[in-house]
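The following blocks contain the structures, represented as structure tokens.
Shared chain: subunit A. Partners: subunit B in the first complex, subunit C in the second.
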Partner chain A sequence: MAVLTPYGRRGLIVGGVIVFLGLVGLLEAFSTRSIINVLRTAGGKPVAVTLLSLPELLALIVAFVAVRGLLPARPRALDAFGAVGCGAAASAVTAAFVRLGPALGAGGDGFQLRDVFIHATPELFEVLGSFAWHLPLAALAAVAVAFVRPDVRRAVAAGAVAVALVGVLSDHVTILLDHNGVPRASTAWFLRGKSLTVAGAATLFGGVAALRWLGERFRPVADRRLAARPARDRRWLRRGGIALAGVALIALPRFAGSYHSEVLNQVGLFVLMGLGLNIVVGFAGMLDLGYVAFFALGAYTMGVLTSPESFLAAATVPGGPPVGPVGFWLALPVCIVVAVIAGTLLGVPVLSLRGDYLAIVTLGFGEIIRVLALSEWLRPFLGGSLGLKRIPPIKVPWLAIGDGCAARGIDVPLCIYRVAIDGPDKPQKLFYILLAGCVVAAFVALRLKDSRHGRAWMALREDEDVAQAMGIDLVRTKLMAFAIGAAFSGLSGAIFAPKLVSIFPHSFNLLISINILALIIVGGMGSIPGVIVGALALVGLPELLREFAEYRLWAYGIVLVVMMLYRPEGMIPSTATLRELRPDDDAPPGDVASPSPAGPGTAVAAAGAEARA
Partner chain B sequence: MRRSTTGEQLATAMRWLTAIAVVGVLIYGPFQILRSGKYGPENWIAFVIFGLSQGSLYALIALGYTLVYGILRMINFAHGEVFMSGAYIGFFAADALNRAGRLDSTGGALLGLAVITLVAVAGSTTIAVLLERIAYRPLRRAPRLVPLITAIGASLFLQYTFSGLFGSGLRTYPTIDLLKGSFRVGSVPILKVHVLVFVAAVGLMTALYLFVQRTRAGRAMRAVSEDKDTAALMGINVDGVIVQTFMLGGALAGVAGVLHALIYGQVVFNMGFQPGLKAFTAAVLGGIGNVPGAMLGGLFLGVVESLGPALFLEGLGIPAPHQLKDAIAFSLLVLVLVFRPTGILGERVAEKRA
Partner chain C sequence: MSAVLEARHVTKRFGGLTAVDDMSLAIPEGVIYSVIGPNGAGKTTFFNCLTGFYLPEEGQIEFDGRHRLDGRRTDQITRLGIARTYQNIRLFPNLTAIENILVGQHSHLHASLWGVIFRTRAARREEAAALDEACRLLDFVGLSGDGDVLAKHLAYGDQRRLEIARALATKPKLLLLDEPMAGMNPAEKDTMIAFIRRLRDALGITILLIEHDMKVVMTISDGISVMDFGRKIAEGRPAAIQRDPLVIEAYLGRGAVEAVAAADGGADGQAASGDRPTSPDEA
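After this line comes the complex of A and B, so read on.
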């Protein structure tokens, strides 16, 4: 009997967590989205009814994870019974809340539960009631999963993730399909309204699971075949892969449409900044929380140099309207130089500071810049709280042949004219600018990583004193990290300004710094592909799920804590970080700002590695 | 002694330049404003009083930072949220009492304040202990970066949990008649709330100091902050001491929260961020790990923040200098860390073992 108490306790906790998620308002917000729907007839007409809603999925996941954590590797009948009991306990708590909640609200002298917990609404009780008794199913699933082979388990997980993602994002999928001229009738079996059909979900699940399983099964074979071929073939294969990826990226805006290109642009801006912060935090190990300051400097410099409203603007024609002093391309190097200088200047006072102090001081710098941008004192230069407006669009010289020239009234068959990144397809055009910026930044970061400077940074990250003893000039190395990081951020800001046309100080707050930090951590500190994955997950996904914007930072908080507790190396860790986490390595006890933990994280990672093997 | 590198020379040159600039501002600014006579002595005294009151709040919160840093060598970034939770939870008690009409009489108001404070302290302490258990304890041996990031995550989580549960709007504390009005000292009016805040803060800080210096539990705390492992060998329950430290810090922050709400009259989910940051500045100012240092640092920061815009910046002809109040506070932090990293009263953390 005592064996069952942990299950019971866990069940009560799960129930509490689900009620908590409801009271925070997450479940109610999620109730607008569903994953799978079915057709039922109501009054003679077929009506789409939700089979699996997003809140239910979330609750099931919570229950699943909780039970799985408690089950031993080989569950016996008693454990299965306990698991179901756990699910039942969770359901009981949820159902009790649904039953009692409204009653509490009707209490005397006008006290309502809603006065305290603003989301304790009838809608919430309805949502909770709709799945309260489904939780034991998740517990059973957890038991079932324990009996399945690890590779099948991974395949099933991949399938489930795919169904969940596509289900949640099904309206975006519909928009993309429409934009590319796929007739609705042909996809009706797969997608209906804002979610998947049962057939669609089953197909997606089966397809993705099969692909994952097959991929895993044949990966060693493919690797062996590849290793057997001469190095020259491998090089060509890799070049082909890169070329293919390049073509795909270039074709992307055409298939994505305006809205999704805009989402990609946001991701691109954050990838650019992430690559910069990756150098400061990931390579050099210095936690910079004021990174948004350089972004602001880049944007404001661009604004001051190009906007006709800036204090530097002057009329080119006497008596005519003022025009910004220079164009985008002349202002761009100035922005980067300003950012670099600022990075160096801001780096000097923090040279001797340790991890935590460094973080707080850089945070202070970020706030100082924001306060200055907002201030009355600098309003004549920076526009104060009204910001800088009317920043002109980027103009790119474009080579055209034949018809394009004729359309512009030029008789010559080959001409160069300037395309303004503006108008209804501005996002698609801007995508290429950002793509170019990201490629340059990634290239620079990659080359730096393998250079003497990169190795100096990593030495710095591991142990400052030893690095100095080895002859590395600490001051120069640190300042260089700051300067280059600032340059990337300044570049991002310089592109951000004409993208938004008007910039305000409120856009440059601490939350952006935290956002970038979060995406580096989730993606993997020190890893360049990690930055891209992190940006897609932490910037792209929230952009697609705009209606949950309220809970975005809340989700970031949870993600940061969970990642640090269970997977501090991130999703795609760099080889250096991964090497440090191998169980046979004796990592030194926690010293300077190394991104790998030597304690519980190592044990968890080791256990994970063993379980995967 | 080896020759300094170019980088180090650059850093030293910049340090000298900054020092000269700062001293210049510190002399020229006050000279100008005092000469112009825009503010009379009552104004300056009012600035100082407000600064002391605000500084008392910073000091109470700073004590939480300094205690935790002394023991765990980590900045509890989420401490500002502990402060906020105290204020917010206290609000519910205050609101309930107010609706029941218990705050109207003098005796009722006193009792009511006590109840509000107790409830707030209970809430903030719970949050602090939960933080330690869930977010910090598993990461005790991890390198510096990891718990710091966890703390940032916890801070975000707490802020938006409160926003989600209780709404993102302002919640207004009921006004308590007992605390309205001001005393007169000479020709200077001093608001009653400011006196309350200052007296309460000083009283609590003294109590804390005595606790840490004179009691067994306090001695255990000092031992653990000196060397965790040796303290464990001496039979001290290290985990228990750490929990106690968080509880103390949390309690003080809770009281600070109620006091803050009494002065400003309202609570909102993100009210903890700025004070948390400033309080950390205060802790560093006074010397991290140093209890009297945190108190002095807090008061000093409060006064500088209050006097600074008028005394230094306005003399330089900067319009609307009070907007730059935060910039002054952070600049102070940077200056202290550049020129006197151990703080005014000196650091009191044991040397890091290799």
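After this line comes the complex of A and C, so read on.
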């Protein structure tokens, strides 16, 4: 019986957590979203009724994770019994709250629950009551998962994540389908109202799970086949893949539409900054908490150089309508150079600092830049708290050609030009600028990673003293990391300024630095694809879920804690392999990677044999 | 035989403690030279002075008859041709074996930022040559096939040899080995001795060794300096050191000198058993 005690205790905690989530208002806020719905006839008319809502999903996840953490790798009958008991205990706590909660706030002059917890509304009790008794299902699922083969388990997990994601974002899916002219009738079996139908959810789950399973099953075979081909073929295959991805990215804004392009642009800005900070933090291991400073410098330099309201503009244009001193394309390199110089200047005083001390000093630097922009002293130049306004949009010559052709009724075949028709400052156009910036930044970061410079950074990260003992010049290496990281951030800022038209000091607060750092950690330190995935997850997703913006930082905290506990290496961890270093080697990578079966003794003996030879 | 390294009156103090006291040393080219002494004698501190990790308060260090080392930065000293390993292995744990060696080659690679980004012909050729060299070094230390393994996942003995390979990648004239045989069994020590000799004979590298195992030191060394409380108390060929009363006193205490003198010629075994009594590998 003692075996069951931890399950019971865990169940009570889970119930408490769910009630807590309800009392802070989270569940009620999330109840606007449903994941799966079914049609029921009510009063002769068919009505969509929620089968699985977002709050219920959240509660089920909490219960699932809690039970999984207690279950041994091979649960026995007693464990299964305990797990269900755990779920039942959680349900009981939730149900008791639903039953007793309203009574606590029921009129009179006495104690009112809502005086303390303003979210303890009748709606909350309704939401909680709708799934209070479902929690043992999560416990059952947790038990079942333990008996499933790992490959199937991963496939099921992928399918479940896909259903949850599409279900939560189904209104965005609807918008995208409408934008691309897909008639609603043809997707009614899949999406109904703002959630998936049962058939849609099942199809999505099955499809994604099958793809995941097949991918995992046949990946090694495909890799081996590929490795057997001559290097030339592989190179062409890779180029083909890159070209295909390029075409997809170029076509993307046309299918994404204005709003979703805007979201992508937001992601793009953070990808750019993430790639830069990844060099400083991920490669060189220097914790920089003031990274937003270079973003601000890039944006303000762009503002000062291009806005007709800047102090430089007044000096250059005596009469007539004011125009900015220079255009975007001339100002862009200046912004990057300013950021690089600032990065180097910041680097000099912090050269001898490590770890926490470095983090504190850079944190201060970030704040100094913001305070300077806000200061009365620089107000004539930077506008103080009023910021810089009327920063002109970016003009791209070839997009303008597209506009001109369209005006003359000439049909331009490429979808880029079609996008250009929509007007001068559409987010779709900005997407291409950001795409170009990100591609350049990712390319530079990739090339540097597998070079002597990248290796010097990583050596610095691993052990600074030994790195120096290997002949690495610490000053040069550190300054180079700061400078290149700053360049990417400056570029991001330079695009950010014309995107927003006006810039204010408060746009460049500490939260941005932390945001970038968080997306690197979640994506995977030192991993370039990780930066992109991290930005999509921590910038793109919250942007799509704007209605829950109140809970954004709350979710950040949970995500970071969970990542650190269960996957500290990030979503796409960076792996150092010989294959990366030597892509054209004809030897199958598996052979090179296999560790020597010899123990230390025999290996020394081998060296000795070599020594005697 | 000219001295490849000459230290004169090197003194290093930490507050009131004089860790290295007026230490002078001349190491001829092409030898295996050992520095021995009880724990805390200042051997590693002396190494740190040689490699520029510490700046000695007094004295001069001259390398290759031309270069003054005191006052130079560690990386500059490495580039002159001195490499070292560490008493407690200090590899780059999250880099692969081959990357560790490539880092060692850093100062012999010259690809610029632009060369790397645009992957110029020169940069590509240099990178390919560096990779070949790294593989050759892996072979040399008997780790071929382990190139892709993260350094932290290698077995202890393999890590020791990878550390030597990384030091060799800097193309040193003088290699400082700080207790390369710590934690090895007698058979492994024998192969390590052969390996160190091969470093000298095949690659022509002068070797300066800190070691505790007397048997190893006496077998391998061409010359020995003994340190105690930061000072050099004896210097000479292995046979002479074994009989030096100051050395025996330093290791075993004052009473031992008479005992050894009485036993006469038993100094070898005595000195060896005096080596690190707490060491787990002592039989």
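The rule we apply is simple: the second predicted complex is superposed on the first by the 538 of 613 C-alpha atoms of A that agree within 3 Å, B and C clash if a C-alpha of one lies under 4 Å from a C-alpha of the other, contacts with A are read in each partner's own complex, and residues count from 1 in each chain.
FYI, contacts are C-beta pairs under 8 Å (C-beta built on N, C-alpha and C of every residue); 3 or more make two chains touch, one makes a residue touch a chain.
Only a predicted model underlies this, so the values are computations on that prediction, with no experimental measurement involved.
Within the superposed three-chain model, A:Asp473 lies in touch with subunit B and with subunit C [touch as defined at top].
Between subunit B and subunit C, it is B that contacts the larger number of residues in subunit A.
Touch criterion not met for A:Ala227: it reaches neither subunit B nor subunit C. Of the two partner chains, neither subunit B nor subunit C is touched by A:Ala103. Shared-chain residue A:Arg455: touches subunit C; no touch with subunit B.
Applying the stated contact rule after C-alpha superposition, one finds that A:Ala73 touches neither subunit B nor subunit C. Looking at subunit A, you'll find residues 473-474, 592-596, 599-601 touch subunit B in one structure and subunit C in the other.
Within the complex formed with subunit C, the subunit A residues making contact are 443-444, 447-448, 451-453, 455-456, 458-459, 462-463, 465-474, 480, 576-578, 581-582, 592-596, 599-601, 603-608, 610-612.
Within the complex, the subunit B residues that touch subunit A are 5-8, 10-11, 14-15, 18, 74-75, 92, 99, 134-135, 138-150, 152-161, 163-167, 277, 280-281, 284, 318-321, 323-324, 326-327, 330-331, 333-334, 337-338, 341.
Residue ranges of subunit A in contact with subunit B, taken from their complex: 23-26, 109, 116-119, 281, 285, 287, 345, 348-357, 359-361, 363-365, 367-368, 371-372, 374-377, 473-476, 479, 514, 517-518, 521, 550-551, 553-554, 556-561, 564-565, 568, 589-601. Within the complex formed with subunit A, the subunit C residues making contact are 51, 53, 73-75, 78-79, 83-84, 86, 90-96, 98-99, 102-107, 109, 111, 113, 116-117, 119, 123, 127, 130-131, 140-143, 145-150, 153, 155-158, 161, 166, 170, 184-185, 187-188, 190-192, 194-195, 197-198.
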